[in-house]
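In what follows, structures are represented as structure tokens.
Note that chain A is present in both complexes that follow, paired respectively with chain B and with chain C.
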Partner chain A sequence: MKTLILIELYKLFKSNRTYLVFAIAILLMIIIDLGLYKDGDELFGYLLQPISENFFIEGNMVNGYLISYLALNTLWVHIPILIIIVTTHIFSSEFELGTIKTLLTQPIERTELIAAKIVAMICFVIIFMLVVALSALLPALVLFGFGDVIVFIDGIQFIQQPTYLGRYMLAIFFSIISMVAFSSMAMFFALYFRNTLSAILISIGILILSTLIQTFIFGFFSDWQPFLFTYHFAKWQLFFVDTIPVKTIVNAVIFLLVMILFFVALSVMRFKKMQITE
Partner chain B sequence: MKLFKVTDLNLKLGGKTILKDVSFHLEKGKITGLIGPNGSGKSSLIKVLAGLVFPDRGAICIENDTTSTFLELRNKSGFLIDSPALYPFLDATENLNLFCKLNKKHLEVESLLNMVGLAGIGEKKVKHFSTGMKQRLSIAQSLIGDPEVLILDEPFNGLDPNGANDLADLLKSLNKAGKSILISSHLLRDMEILADEFIVIYRGEIVLQVNKETLQREDKKIILTFQDRIGNEALAYLKDLHAEILDNGNVVLVLCPDIIASVITKLVGLGDVPVNMETLTVLQERYLDITK
Partner chain C sequence: MRTQLTFALLFFSFVLTGQTQNDLVIQKLREKYSGQKDIKCQILVKVEVEGIHIPEKKIYVEFQKGKKPVIKGEGLLLLPKKGTADQFAELLSSNFQAIFLQKKGAAVCYKLVSLDPASDWITADIWFTEKNYNIIETIVNSKKHGTFSALYTYSDKEMPIKSVITFDVKKFKLPLKFIGREQGLTEYPENDKVSRGKITLNYIYL
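This part shows the complex of A and B:
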């Protein structure tokens, strides 16, 4: 099993697609940082105006921590898309290249193979999210320096500088679970359609639809919200609330874990019985 | 000696019958040709043997063990299924090393590449390989687990005549080294030269299983072409041999292989020299009859 996982990781990191996705993510972060560095004063002046009118602000409010939070906030729809470009490929590329036939004629079990691929998928998500976390944070700290953070979640939240990194790490850890859940769904589509593009398009479609329904916070649609995965994805922001609502976050984690288990079980069952006729 | 025996194999895909009551056996140490026209079920049968497709019904008995499974056959076989399928973003050595690891084998990859005629190009990415090179590399991959049997689906597809000859030589040498080989192909004449045993499949059913010795003993159909009209004496002689004279003047005879030479000598002696002789084996004849 260890060998299989290492082989899957080896194939993953031999593919140009993997590095392209990393490069895009880092580039997006750098663009955001540079954009804010050059023209951010006006924007922040506007954003912080209501606070400035009521509070006496001392110190560096526009700092690297705030920028890293804003960068993640800006990209939380883009990141899942970048991730599934690679994770769907882990599964469907074997069908597209025909290598699934070569793999399954080796002395390995189908369950072992898909388990190794799932582990490789999780490893990629973890590495990708860590790269995203670092590329959102480090350049921002270099360009904007350190300081306390003011964010707008259920009102104004003041995050003191010493607690920020811990909250940031927890938010990234939570996002890893979210992204594994989304990737698990995309994995099922990749195995169902045996085609990377179809799996990506359907997953993006569901992501957009779910996000769209989530924005209707009234009437019929509001009842649906707890069943939307994007509703739970967004809970990473709660780590930046002054008193972290642990129960809400635990509920979101449970939802995401159930989602992961559901799609993993469905994918394994499908793969085990799959007729490889191509 | 039978290496394995398949009985009553049935497969339906999407409601369509692909294989129907397929029964055959593979002789140990022989090259067996699985012959049939395109769409006859050759690839599906091989995929069942490889464990890629699960049959609706059917059993396999490997070396007289009635409890055998298709998975056991897969574990002792090397496969090449359809077109060569390797990782294009890896080079030849990386591809083979990857499959060595999967098979838990520590092999000298370079010697494998030498064996299939790919020496010195181990560091070339597979995406830059020609079809023939990919085919050879796939065969190298199928040899990694040192399998007792090689099962190859249309290995001559996409190869130029030289490449096909090289591959045939390679398969013969592997067979001499003790490997049993099952090759599916629609190229009847190539298979007749290469194989010792023949299985003909048509519309998902096995219609013939025969070995080369039996075929060589059986009567052959020959078609003689003469430049001029045949003389009366030769005509009478041919009629005694139950020859069929075609409208175009060609003569069709069914003869025991032992007397073909004496018949030709007699015709030459009578002054009627055939300018061409086409020989159809029983296999070719039956194959053509079946697939007409």
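This part shows the complex of A and C:
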């Protein structure tokens, strides 16, 4: 099993697309840094206008922690898309290259084969999220320095500098679970359609649709929200609320774990029943 | 005719005497606060405004006449623009008409009506002690900041050790719709409603 996992990881990190995705993620963070370096003060000055009417505000408002928090907003669409570009390939590349037949004729349990791929997928998501977290945080801290973070959730939250890193790490850990859940769904589509592009397009379609329904909360859709996976993805934001609503976050984690189990079970079933001639 | 003239003279003399007394009291109040020097202090700021979640913070402040206060401390710092200890001098330095309203115990209340069209405040009710002219309460109606009231507590010193400021505040939900997607953790009033904010300042003078 260990050898199988290592082989999958070797294949994963031998692919150019893996490094391309890392490069795009880092580029995204650099663009966010540069944009806010230029217009950050003006933007936050505007947003804090209702407060500045009544208060003098002093301190490093646009700081590295704030930038890293804003960079996490790429978790809505950009990061999930980048992740599935790689993770779907882990499964469907075997079909596209025709190596699946050779693979299935080996004296290895199919469950072990797919388990190794799932572990490789999870490893990639973890590594990718850590790279995103560090590339969002470290250059921003060098450029903008430290400070308290103003968060626009449920009013205006002033997150104190000493508590920020803990919250940030928890949000990243939560997002790893979200991204594994999304990758599991993409994995199922990759196995079902045996094609990377189809799997990516369907997953992106579902992501966009779910985000749209969630963003435009019309009366008709408002009751559907708890059934949307993006509704639960978004709970990373709650780590940046003054008093973290633990129960809401636990519910979201349970939803995401169930989603992972559901798609992993479907994928394993699909993979085990697959004919070698398919 | 003679009787009417006598009544008229008596009436005007009462009014003039009252006005003179008013002027004397207000003059003493003005003298007390016009001599106020720049203030250096530490302030523990507690903000209780709907929609703003900020922990208590200790800040260092230098109030200088006619200048924006110098604020120092760790992280982001908020200090209310109105109701701080330095603003008695600012209020009393402008041109106004004072009207005696009432007396309660050792405190008297005057209504000040601004005669300066350029000043931000329009009217101000001020309560102060007759003995040492310490201002204990102000209710100020201003053009820019609506109505804000402040209660001041004194120890044995001339400057307040605590002020509790309440003011009108428009709720802060409006800009959030543009960038914050996670809403609805707390119920807020409608967008255009004005709610009351409360700020408590505890001073330590340096």
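Here, the second predicted complex is superposed on the first by the 274 of 278 C-alpha atoms of A that agree within 3 Å, B and C clash if a C-alpha of one lies under 4 Å from a C-alpha of the other, contacts with A are read in each partner's own complex, and residues count from 1 in each chain.
Convention: a contact is a pair of C-beta atoms (placed from the backbone, for glycine too) under 8 Å apart; a residue touches a chain by one contact, two chains touch by 3 or more.
Source: prediction; values computed, not measured.
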item	value
Joint occupancy of chain A by chain B and chain C, clash or fit	fit
Touching partner for A:T105 - first (chain B), second (chain C), both, neither	first
Contacts of A:D148 with chain B and chain C, given as first, second, both or neither	second
More chain A residues in contact [chain B versus chain C]	C
Contacts of A:Q237 with chain B and chain C, given as first, second, both or neither	second
Which of chain B and chain C A:Q275 touches, first, second, both or neither	first
Which superposed partner A:K247 touches (first chain B, second chain C, both, neither)	neither
Touched partner set for A:K2, first chain B, second chain C, both or neither	neither
Smallest distance from any CA atom of chain C to any CA atom of chain B, in Å, after fitting	42
Set intersection of chain A contacts, chain C complex versus chain B complex	none
Interface residues, chain A side, partner chain C - complex	46-47, 49-51, 53-61, 76, 147-148, 150-158, 160-161, 214-215, 234-235, 237-238, 241-242, 245
Chain A-facing residues of chain C, complex	50-55, 68-69, 71-82, 144-145, 167, 169-170, 172-176, 179-186, 188, 197
Complex contact set, residues of chain A against chain B	3-4, 6-7, 10-11, 14-16, 97-108, 273, 275-277
Chain B residues within the chain A interface of the complex	13, 44, 47, 50-54, 74-75, 77-79, 81-83, 85-90, 94, 98-99, 101-104, 138, 141, 145
